[in-house]
Amino acid sequence: MSLSAAPRDERRSVGFGLLGYGFMAKAHSHALLTLPHIHWPSAARPQLVAIGGRTEAAVREAATRYGYESWTTDWHDLVADPRVAVFDNVAADAAHVEPTLAAIAAGKHVVCEKPLASSAAEARRLYEAAAAAGVIHLTGFNYRFFPAVRLAWALIHEGELGELRQVQIRYAQEWRTDPAAQLPSPTGVVDIIGCHAIDQARYLCGEIEAVAAVITRITPTRTFRAGPAETDDAVAILARLAGGLVATIEASLIAPGRKNHLAFEISGARGSLAWSLESPNRLRVHRRGPGRLGGFTDVLATEPEHELAAPWWPAGHVLGWEHGHVNMLAHLLDAVAGTRPLGPHGATFLDGLRAAEVAEAVERASASGTWEAVEHTAAEPDGGGRR
Amino acid sequence: MSLSAAPRDERRSVGFGLLGYGFMAKAHSHALLTLPHIHWPSAARPQLVAIGGRTEAAVREAATRYGYESWTTDWHDLVADPRVAVFDNVAADAAHVEPTLAAIAAGKHVVCEKPLASSAAEARRLYEAAAAAGVIHLTGFNYRFFPAVRLAWALIHEGELGELRQVQIRYAQEWRTDPAAQLPSPTGVVDIIGCHAIDQARYLCGEIEAVAAVITRITPTRTFRAGPAETDDAVAILARLAGGLVATIEASLIAPGRKNHLAFEISGARGSLAWSLESPNRLRVHRRGPGRLGGFTDVLATEPEHELAAPWWPAGHVLGWEHGHVNMLAHLLDAVAGTRPLGPHGATFLDGLRAAEVAEAVERASASGTWEAVEHTAAEPDGGGRR
Amino acid sequence: MSLSAAPRDERRSVGFGLLGYGFMAKAHSHALLTLPHIHWPSAARPQLVAIGGRTEAAVREAATRYGYESWTTDWHDLVADPRVAVFDNVAADAAHVEPTLAAIAAGKHVVCEKPLASSAAEARRLYEAAAAAGVIHLTGFNYRFFPAVRLAWALIHEGELGELRQVQIRYAQEWRTDPAAQLPSPTGVVDIIGCHAIDQARYLCGEIEAVAAVITRITPTRTFRAGPAETDDAVAILARLAGGLVATIEASLIAPGRKNHLAFEISGARGSLAWSLESPNRLRVHRRGPGRLGGFTDVLATEPEHELAAPWWPAGHVLGWEHGHVNMLAHLLDAVAGTRPLGPHGATFLDGLRAAEVAEAVERASASGTWEAVEHTAAEPDGGGRR
Amino acid sequence: MSLSAAPRDERRSVGFGLLGYGFMAKAHSHALLTLPHIHWPSAARPQLVAIGGRTEAAVREAATRYGYESWTTDWHDLVADPRVAVFDNVAADAAHVEPTLAAIAAGKHVVCEKPLASSAAEARRLYEAAAAAGVIHLTGFNYRFFPAVRLAWALIHEGELGELRQVQIRYAQEWRTDPAAQLPSPTGVVDIIGCHAIDQARYLCGEIEAVAAVITRITPTRTFRAGPAETDDAVAILARLAGGLVATIEASLIAPGRKNHLAFEISGARGSLAWSLESPNRLRVHRRGPGRLGGFTDVLATEPEHELAAPWWPAGHVLGWEHGHVNMLAHLLDAVAGTRPLGPHGATFLDGLRAAEVAEAVERASASGTWEAVEHTAAEPDGGGRR
């Protein structure tokens, strides 16, 4: 015999243009390189058309590293290229709005990392533009795409917990503990990690209606490169959700010993759930009343029965942090290919907007010392249901 | 040879009169029966003079069971007896004020279980009477007397954590989850367990200055025996403490799967601590910055170096729930004997009052939907320092 | 009204004579002082008649401390006293045989701390004497008396795990890690802690039939006071149990970081159990096959449904180390009073003998480098069943 | 501006020919697709030349799925292709020897999944052939390539634990618990997972010199497809290692509740380490003696200081199961490129042979009921040091 050429991959090819070349570019590019062989078979596969960013040497290197066909230091090139079907914005927060709006205007589907924008007004512009254009829009809330989190969502929505009553969500890291720490970003705690906690609350438990909050700043000034940086280091939020549900939502960049501790506990009339990102494959589930064998069960969400785990490895072979992004972008491609809807699991720009609206209410509440209502500046789309 | 009679126990005998015969009477009586041989040698030992309560059969049985010399169904008898040096009130919450005031008037030292009183005004009466009388007064905040909690106090007060920045305290139980559950007490969540969380915040981190809060009630009515009962089932509090410290304090009787989960995490500029009552001998301690061997260390607080553990067993031989009461009443006896001050570790009636003041601010905040200041209705005693 | 004298405790009084005044004397005395009011009501209560030991000052002090009526430096006095119904031997290992035999000869019920004897031959003498005399005999295997361990026993014996297949038991401490460490006892690792692991294997899983073993000694000599001490610091055992069950049994006094880590995992055809003495109230239970919600459930064995927990505190209020002794001696008193049999939960002298037989097989196996059968030097009593 | 073509990846291209298309082919292919952008920059990158296997449809699909240029149902084609520099054998165990020997004969570097061969004699043939040919040879012991395991290796070899004294290693899964379970492989527990436990013992602690062992079979017959399968379901091993170190090594496919529980605890004169594959990013480290703050520290091995973690994500962003294979094959490529030696971290065919020698001693020991020495059938290569 002799070797035969491999059959062509007949899946629909979907061109990606990526803006950014840092940590998030690494996560998204890795996802694009991984999902075609993990989420197999599928309707579509990504084509890494181009990558853009401001620093030529870095963008060129990233293009080679991740296998993008081309590169540019001008994001307009990404938007203008007809091969680009999805504009994936993983640039610095300040570069989220204008390029994404331009991509929408060019008819691209759009992905934008969190926070969608630094204000609710800007987030609303993005959402409304995307909705009006009819393109698919995804905000990068990757923590929705862990099998254990998906299991939590399923248990809640199937009613296994009964009516929800209490929620605690906390995202704690330690790298800003030192007042003189070098900052990788000029933004504050809500934009960096707090929005993930807010999105988990919304995704799992429903809309946040009002908040009381305290923002902590351990130093009056910080700098990022030459300029000033936000000094919001921690936030504690007391929230009322739809249906009278009460939540505490906390985020901190100054929690010594906590590396990447996004954790929730959710309890309802018939059960409770607990999860932590530092052991992301485990969901602790309590469903029974008191009794001889009651207690939290430590479920390793790696079984064939566990959605999002099944495409990966056999039972017990755990996933890591980046698998959320792989699953998220695979989900997006399915949406682009039309094989499943983006929502409710994929966070849309409306979810990005809602997080920004909550963030603004939090800021107001911390400043005013009173409860503040979360103002919905754009309505849910017609048709009922969520998304 | 032959047997010789045992030498008399020459320690000063301190007479106790106990009011109550339920769960807390069991805990206090067990402590009184245990501390003489565990906290050995010591300056004083208790004499179980008398026990009182309203139901004759139950009080008579308790007298025999715990070895009280006498019993009564009229608490005035306890107060009137000259052998009683310490009046220990473990009766139902509604019976805290009048008998304790009478005991103070009779010159007794007084112990009163939490909550000290059902209102700050009544707690203030108790505190001011005890302070004016010059008797020793202890509120039953037993969780101060676990070795791991004492270690936390020591690390904080020795500055090992640096300036404190964030606190989470939560006390969660599940037994009221069912709206139709039989209640063992007519009071609400703050009085039942929330005050313990409030006291831990104060003991470890300092005074609470203002609160936002939401109280959850899962049913508009509950009954206790014939009458109505409080329907406060859960509370979530956002608190500002002295020095700008921010805390979330939560208590719930409707948290499925949580049996007796009093837990805190406290972080400062240089370290963090975490503890839970369900594994009460462990303090998780993080003191270092990032690095190859950073992380939380699981300290089993049973070594000779651990205060309150040393009188008990060798290293690794864990204590249980009731040991807090044993250590607390041993501490009280030392104070009565004059060998050490009651404070700062023993909670005085001022601490009981402070907890009541916080509880009232929490109620106001939940009703008003605004932040409420905690009003100190009695001043700290003269002389500086705490207590 | 006025105070009334407490009714007499009408329970049958059972006189105890205790030999020893160290750590174990503290544990047993505390148990005797505690069980009357915790295990209430009951048929009998202990009378602390006398305590004996070689060092007068220490024995005198112990008599006062624990409330024994009298003391002696000659154990014959304990045996001779007609008020002593139970001779409780908590003396140094070397003083287990002769005094206990004398007590049996005098018709006393006997309790003897582990190891029952330093050789199987001596243990056999004790067992056969006690059995012939018809007295009640208990070996101090206290770890059978934790609620979580009792739950494990119940689940196994009710068939919840199906046929047992694998067992791991390990008892690890760290205090002998330093080759120059001061020793509190001249005996080796099997007598100090290994016999507890052996007893757990037998109690939960059945008889040990053969062993391969390696004994580790980190120094050729150690001293205890003036004389030489055993230098067996650790032992690893591979064991075959009845029915083809395979176990690894390990004990170590040189395991840094392990304070008092007695732990087991037992798995059968339908489930698994795991427990550790450092968190003694928790039993981890797995009973289901793979599936969406499979996994170990963390059962806090403090519910009313949990045998041995029920007499203590409400759900979630955990027990500590010494509660095993309290429950064990309460169980003994029930046996003395005839209200329940000692076995299968109480370890008899036959259990003490069996542990010694295993220990000898382990020594032979370590020396010979071959598997060694465990030789049963005394038969089970007639009548079938275990005890 | 306009898009520029991405610069060529100038790294040396190393052709891979993969034999197999199942679970391990997925893991290796994923690794080859991932390491170029994660382990960046590097000296070499893989070229996915060809994939082979017996079932045409499956091989064709795998070629497309993973991006191999060509495919074949005849492994000779892989060996014959001059573009193939590395022959990576992930085929069924029975296909390890002949194709790998042929690849060596053709001058290819060779990777072979564990077990290297089903007998020590065959493993020896492979090792000796590879050593004689001077090619690079790697056995697929991927668990050496987790950051937390690498940290354990470093701490041990830097002497942080002092002289090693005790080791426990256990690999437990549950999928063969049912006697009627469908088997994915006809081999027994040692070849499936036990060899990983054996390799961890050797890698971290040194050579295994002698073993006692018991193999458990829960059913006399099992079938794999049409034919008979090995019925070794569990094995318990007591081992002596070089320097007098004692280990228990266990493996089980019939441990209900254990999904993929490879775990070790290693203790020495000055410290201890513990790790589990179900939480693979955590190494529990104890280094201090008893004291106020002693205990195991929970190190999340995701910091920049942690070898093998650094190429991936920021601190606290955990890795999953497959990252071991990515790191392992990146390591192999470095060895091929000559930028670092394969050993001691990469397992060579000598390590595969050693594991097979231990496995045979285990079989002999279980059959004979005596200790059996591990026979080294090939010597270490000259030049001192390990590899």
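Per-chain residue numbering starts at 1, and chain names A, B, C and D are given in the order in which the chains are listed.
The rule is short, and it goes like this: a contact is a pair of C-beta atoms (placed from the backbone, for glycine too) under 8 Å apart; a residue touches a chain by one contact, two chains touch by 3 or more.
Keep in mind the model is a prediction, meaning the values are calculated, not measured.
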Graph separation of subunit B and subunit D (steps between touching chains): 1
Contact-richer chain pair [A-D vs C-D]: A-D
Intercentroid distance (Cα basis), subunit D paired with subunit A, Å: 34
Averaged-CA centre spacing for the pair subunit D and subunit C, given as whole angstrom: 43
Touching two or more other chains - residues of subunit C: 175, 258, 287, 290, 294-296, 300, 315
Subunit A - residues contacting subunit D, complex: 1-9, 23, 26-27, 29-30, 33-34, 36-38, 40, 50, 60, 63-74, 76-77, 81, 173, 175, 258-261, 277-281, 300, 302-303, 312-323
Of all residues in subunit A, those that touch subunit B in their complex: 165-166, 168, 170, 174-175, 177-178, 212-214, 216, 218, 234, 236-238, 240, 244, 246-248, 250, 252, 254-258, 267-272, 286-287, 289-290, 294-296, 369-371
Residue ranges of subunit B touching subunit D (in the complex, touch as defined): 151, 285, 287, 290-300, 303, 305-306, 315
